[in-house]
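As written, the chain order gives the labels A, B, C and D, with residue 1 at the start of each chain.
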Amino acid sequence: MEFDGTFGLADVTTEEVWLALSDPVMIKNALPGCQFLVEVDNPDDVDFDALEEAAAEEEDPATLPEADPEEVAERGLAQGGHYAALVQVGVGSVKPRFETVVTIDRREFPEMDASGQGSASDSSFEMDSGMTLVETDDGVDVEWWTEADVFGRVAQMGQRVINPVANRVVGRFFKQVQKELSDVGDESSGLRDRISSYI
Amino acid sequence: MTRDISLTVNGTEHELSVEPRALLISVLRDELDYTGPNVGCESSMCGACTVHLDGEAVKSCTVLAVQADGCDVTTVEGLATDGEFHPIQQGFQEEHGLQCGYCTPGMMMTATELLDRNPDPSEEEIREALEGNLCRCTGYQNIVRAVENAAEKMQQEPAVADGGGD
Amino acid sequence: MFPDEFEYERPETVDEAVDLLVDHPEAEILAGGHSLLPTMKSGLASPDLLVDIGHIDAMQGIDHADGTVSVGALTNYATVDDSPVMRENVTVFAETAHAVGDVQVRNRGTVGGNLAHADPASDLPAAALAADATMVLQGPDGERRVDADDFFLGMYATDVAEDELLTRIEFPARPEATGAYAKKPSPSSGYAMVGVAVSMTVDAGRVEDVGVAANGIMDHGVRLDPVEDALAGTNPDGETVATAATNAANDLDEMMMMDDLQASAEFRAQLLETYAERAITDAATGTGVVAAGPS
Amino acid sequence: MGAESESGSGVQSVDPDDVDAADILGSAIERREDPALLTGDAEYTDDIELPGMVHMTIKRSRHAHARIENIDTSEAEAMDGVIEVFTAADIEAPGNLPTGWLLDSLEQVDHPILAEDRVRYQGDALAVVVAEERYIAHDATDRIDVDYDRLGAVTEPSEALADDAPAVHDDASGNVAFDWDIGDAEKTDAAFDDADHVVDLDLENQLLIPNAMEPRAAVAEYNPSNDELAVHMTSQNPHLHRLLMSGVIDHPEHKLQVRAPDVGGGFGSKIHHYADEALVALAAKRHERPVKWTATRTETYLTDAQGRGHDTHAEMALSDDGDILGFRVDTAANLGAYLSTFAPAVPTYLYGTLLSGQYDIPAIYCSVTGAFTNVPPVDAYRGAGRPEASFVVERMIHRAAKEVGMDPAEFRRRNFVEEFPYQTQVAVEYDSGDYEKTLDRALDLLDYDELRERQEAARAEGKYVGVGLSAYIEACGLAPSELAGELGAQAGLWESGLVRFHPSGKVTAYCGTSGHGQGHDTTYAQIVANELGVDYEDVEVVEGDTDEIPQGMGTYGSRSAAVGGSALVKSSQKLVEKAKRIAAHQLEAAPEDIEFENGDFHVAGAPDRSMHIAEIATQAYLAHDMPDDMEPGLEATSFYDPDNFVFPFGLHAAVVEVDPDTGEIDIERYVAVDDVGNQINPKIVEGQIHGGVAQGIGQALYEGAEYDDNGQLVTGSMQDYTVPKAEHIPSMETDSTCTPSPVNPLGVKGVGEAGTIAAPQAVVNAVCDALDVDQIGMPMKAERVWRAANAATDGGEH
C-alpha cells in the first residue's frame, strides 16, 4: 500500500519544521496511540516491556516552543539511528499493539527517509517513509510518502479498514504537528534564530 | 473462570458450566452432542450453524453460550416430531433441495422461521430470506422449490386439522 | 475460530453497567454481539473484559409519546423492521433496519450496538442522520444527548466516552414523512459499498423537509448537505432529483473516502450519485426501500 | 432411461415406492441419503467424538515467502492442557507429499509436510499443537513465535515467469515447473498464413477457492498393539489417500484405514493429499490417543488447493466465409508453491486436449508453461482444465463470429463437428454427439430471433441487453489406464465394484468411488437393482472405506457413474451369469435355455419353471445343490477400465441486462441444454447442473482469490470472497437431449462438472454482447463492468 500527500504549515520556517519533525518527543506526542518512542542501540534486541514500564514512569520532556532548542537538537533523530516505539492504534474494539523499530536511513536537511517494521500478535507490518520540506509563500509544505505492507491477520481480516485508518492516523499526526508548531511561530524571533542555528 | 447456565434444547433442559468465551455452537456440538448444526465459516456469513433461539433464527457461531442462558434452543434435531418429518424436511427431500447436506440444517431452520412469518412467500422473498445461508452444491433452485413445497404443505395442514371442508 | 479468554460481567441495570465501565475503561460492551464477536473470533480483538448489557430490560423496546419515538439501544433490527410505530413515524429507520445483514443477523443484532460500533459500511448511521436522531448516552455524571450529526467521528469512532453507554435513540415522530434506503451491498459481506437513506416530507408538491445521508462512502456516516439543499423547496420530480443527486459527493473529503478491494473511491462516488437518486426517488414516491441489483 | 425431457420446467421427483422395479433405472426417485442429512443424524468428520480424543491445530506461515530463522514453541508448550508442540525438527525426516502425475519436463520439488527452513505460501505448515481441548489448542497456536526473514513473493503465473521474478524454488529455474505442448505447430502456423482474418484475446482465468461448505477435517486413532491406524477424513478418494499417506508417514498400507464419513462437498478440494491429514495421523501415533483436526474457514482459504489460474493468449484464424482454419493458444498456468497431487495434469492433458471444443478445427497448437508461485498449490477444482479450455474456445468463438460478421449461433453451427467418432487435432477422439440438437433446443427455449429483435429495440431505448452462448464439451472418466500411464499418471483410472448377494437375497454393492453429495447411494442402487432385477430397497450401497471396499480411485472428474457405475454393472452381470448356471442346474435345464427377466430365471418356453435371483442367492450360500466345480456364494468384483473418455456436451445461454451507470448485471434468463448421455436419475442430474452453473456464475461475476504484492491473501474469508448467495443466482431453465455414449454399458457420460464448465463464458459473452465490447475480465465485478461500459460508451480503448 502506498500513501502520500502534502501537508501545509502556515507561518513557520523550514528550519522550525525540520527541528520539530526531528524531535522524537514531539513525534511521539503527535502520533495517535504512541506509548513511547526512544532510541535504542540494537534494533534486533529490544525489550518492549521494560521500555513501556520506564516510559510510564517518566514524564515527557517539554517540546518546542517551551523546550530549549539545543536540547531538542541534541535528542533529535540521527541518521543511522534506531528507535523503538510501541503503537496501539485503536479502531473500535480492534486495538493491536504494534512493537515497532524504526531506522533513520537518511537525514539531510530538508529531506529524511526512514524504514521500520513492527509486529502485533499474529500480524506484522513493514514500512518505508520519507519526507521533504518545501518552503512556500506563507510557510512550509511537508511532502510525505509511505509505503506500507501489512501481513497476517490484519492484512487478511482487516483489509477493509487499513486504508481509512492509515489516512486518519496520518491526518491526525499532521494536525497535531501543526498545532504544536503554530505555537513556535508565535514565539519571539529569538527562538526562531536559535532554531536556525541548530540546522 | 466458568459460569453456570441453563439451556433448553429441543425441549430438554441442560444445566452446565461454560467458559464465557464458549460459543453457543461449540456448546451444542461438543458439550451436548447436538451435531446437526454445523460450523462452516466463523465469519457469521454461511449460516450452517443456524438454530432457533427463543423461536428466532440465529447464527449460533455468533452467540456466546452465556448470552443464551435461560433460552430455548431448537436445532435441526428438534424439527421432526414423533418420527414424522416437518414439512420443510419433506420439501427438501421431495425437491432434492440438498446434495452434501452440510448447509441443510441451517438452511431449514432459517426457512421454517420464514414460513412462520410469511406462510406464502414468493420466490424473491425466499431467496432474500436465505441470504444468510450459503450453499455450494445446489445452486439454490431446488432449495427455493423445497421451501415452496413446504409452504404448500403447511397451508394445507391446518385445513386437514380443522376437519376439512365440511 | 474462537475468541480469546476474557472476563465476563452481566449487569442488570444501566447504573450497574456504567459503574463497571467507570472501573474498567478498557472493557468492551457486548450487546447483540454481531459486530464484536466476529472481530474477536477472527483474532483482531481480544478485550480483557466484556460487559454483557443484553439483560438490561430498560434498554429494550420502542416507545412513542409526545412527538418522540424512543428506541432502546438493545432493540434488534427485526423488531424495528416489524414495528408499526417505526414504520409510521420513522419510516427511513425501519426501511434501513430491513436492509441490515440477513434474517439471522436482524434477529440478534441491536440498533444501539450498530450505531455505537460505527462501522463505515454499516447501514443505520445514514438512517440516524437522515431521521435527525438524538443519541442518549448514560455516564457516571448522568444522561447526555448528542445529535446524530455530532455522534459519528470516524471509522468505528463515536462520541461515546469509555465510561458511557448508548442507552436509547430518540427520533422526532414524522408520520407525514416518507423514507427510503437504497443500498449497493458488497456481494460477499452484504455491507454497504454505498447506502443512501432519505427521509422526506412533501407538502403541496414542495419538499418541506428532507434528510439525506450516506454510508459506505466515507469513513463514517455522513449527511449529504448539498443534496438536501438542492431538494429543499422543490417539486421532487425526476429531473430535480437527478440533478440534486449529482451533488452527492460535492463536499466529501476525497482523502477520507473508502477505497478498498470492494470498490475504489471513484466508483463509490459514482454509486453514491446513482443510489442517492434511487433513494430520493423512492422516498418521493413513498414506496419504501429500493432493492439493489444482485451484483 | 434415455428419454429426453419435455420442457425447461424442471424434473419432478418420485417416491421409489411408486416406481415399478422395471423402471427404476432412469427414474427421478428421491434420494435415500436424505433422511440422515435432514435430521442431523449425518456423521461429518467433526461430528466424530472418540473416548480420550485430543485436538490438533497447525501453526501456519504468516508470510507468503520467507526463510524461517527460529520457531519458539516454549510459551505454547507451557500452557495448561497443551500436550505437545512439534515442528519439522522434532519429527524424523518429515515426509514429502508426492505428485501423482508426471510430465517429461516436470521439475519435481520437495514438499515437506512441515516446513523446515523456508515457507513458500501464506499458510504453509510450521508447527503442530496437540492439546486436550479445541479452544486451548487454538490459544496455543497463537503463542508460537516465529522469526521470519521475508523474501519477495510472486503470485501471478506470467509474472513468475518474468526474468526478475523471485525464485520460489532454488531448483526450478525461472519458476518453470514444466513446458508442455500439444497439436501441430507448423500446420497451425500455415493455417494462420492462409487466413483472411485473425482474432486474438488475452484471457485470464482467475484463481478460485473451492469453498466446500464443510472445511477439511480428520480424526485419527491408533492401536499400538496391532499397529492399526484409522483415519476418518474428508476425502473424495479414500484408497488414494491411504496409498499416498502410507508413504508420507511410512505406515504400512494394509494397516492403514482411511474412511470418508459424510463429506460436506468437495469440488476437487478433497481429492488431494495435504500435509494436514498426514499430521493428524502422525500425532495419533505419537500420543496413542485419538486426535481431531478441523480446519477453520481461514485455513481452508489459505490451504485448500485452489483452481484455475491461467494467463492465456489465444488466436484464431478464420476465412471470410466463417470457417475456423486454425487455433493457437499459449498459456501460463499457476501451479502455486508446490506440486499438488494431480496438479501437472490439470493445465495439460485436461486442458489442451479439449481445445477443439465442439468444432471441426483443422489445425490446433497449444503450449503451456507451468509456473511456481507463492500461492497455495493449485490443482483440480470442479471441471479441472476443462472449464479453462471451454472458456478460451467459447470466448474466441464469440469474438470470431463478430469479426466475420456472423450471428454467433450460426457461426457455431457452421463449424460444429457433425460425424462421430471424431478425431480432434489435440489427441482425443469424441465418442458421440449431436451438437446441433442442443443448440436448436436452446435457441427454441430462448426464442432466439425474437430475443435479438428485443435486444435491438432495447438498445434504442438506452438499455443494454446481451445474449451469450456457450457450446461446451467436457471429457469425463479419464481412460484407459494404459493411456493415462503413457501420459504420466502415477495411478490407474479404473474403478472397482463389488456386488454381494446375502443369503437372504438382499444385496450390498461396494464401489471404490466416494460420493460427497452426488447421491451415489441412490443411483448405484438404481443401477444394481435394475441389473439384478431385485427391489431397489433390497440394495445397500457402501462407499468410502478402505476396510470395506476392495480398491478404488474415488470421485472426481465426473467419473463415478461412467466408471464406478459401469464396474457395478459388470459385477452384476457376472452374478447373473453365475446365478443363471445355478438356476439351470436346479431347474434341470441347459444354461443356454435359461432366460433372465426382471430378476426371474425361467426355462425358455416354460415360464412356470422359474427361480428368482434372490432364491438362487439362498441356494448359492446353502450350497447343497450346486453345479459341479462351482464354488458356493454369490458375489462378484470387477475392475472396470473404460476404453475411452466420454464426452458430454451442451449449449448454455445467458440473457443479461447491464446497467452502465452502476456496472450491475441482471441475469434475466439462464438456459441450459445438456446432453450427458443416458440419465440414471434425472432429478440428480438436474441438481448437478444447477449447482455447477451456480459455481460457473460465481466465477463469472463474483469469485476470485486476490493477493497483494506480498502474496497476502486479501480475499481470505467469506466476508471478502463472494460465495454466491440465493439472491445472486437466477432461476435456471434446464433441458436435455440424449446421445448415449457407446463407451460404457450404461451409455452415460457424466454430469458433475458440466454446469461449471459451461457457465462462465455464457455470462461473459452475454455481457460483452450487451456492451458491445470484446473483452471484460472475470470476475465481472460491478466496478470492472462500469469501467468497461464507460470505455465503450466514450468510444475509448477497452
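Observations, loosely collected:
Quick note on the criterion: a contact is a pair of C-beta atoms (placed from the backbone, for glycine too) under 8 Å apart; a residue touches a chain by one contact, two chains touch by 3 or more.
Keep in mind that what you see is a predicted model, and the values were worked out from it rather than measured.
Interface comparison, A-D versus B-D: the higher count of C-beta contacts falls to B-D. Chain centres were defined as the mean of their Cα atoms; on that basis the chain farthest from chain B turns out to be A.
The centroid of the Cα atoms in chain A and the matching centroid in chain B are 53 Å apart. Rounded to whole angstrom units, the spacing between the C-alpha centres of chain B and chain D is 30. Centroids built from CA atoms put chain C at 35 Å from chain A.
For chain A, the set of residues touching two or more other chains reads 121-122, 157, 159-160. Counting only residues that touch two or more partner chains, chain D has 134-135, 142, 296, 298, 714, 717-720, 723, 725, 727.
Among all residues of chain C, those that touch two or more other chains are 1-2, 4-5, 42-43, 188-189, 261-262. Taken as a graph of touching chains, this assembly fits none of the simple shapes: it is neither a line, a ring, a star nor a complete graph.
Interface residues of chain B facing chain D in the complex, by the touch rule stated above, are 19, 21-22, 26, 29-30, 33-43, 45-46, 48, 75-77, 79-80, 85, 89, 92-96, 98-105, 108, 123, 126-128, 130-131, 133-145.
Residue ranges of chain A in contact with chain C, taken from their complex: 5, 91-96, 121-122, 153-154, 157-165, 167-168, 171. Residue ranges of chain D in contact with chain C, taken from their complex: 134-135, 138-139, 142, 296, 298, 659, 661-667, 701-702, 706, 714-715, 717-725, 727-728, 780-783, 785-786.
The touching residues of chain C, when paired with chain B in their complex, are 1-8, 10, 30, 33-34, 37-38, 41-42, 50, 52, 54, 78, 101-105, 107-108, 188-190. Of all residues in chain C, those touching chain A in their complex are 28, 35-36, 39-40, 42-47, 117-121, 154-157, 219, 255-256, 258-262.
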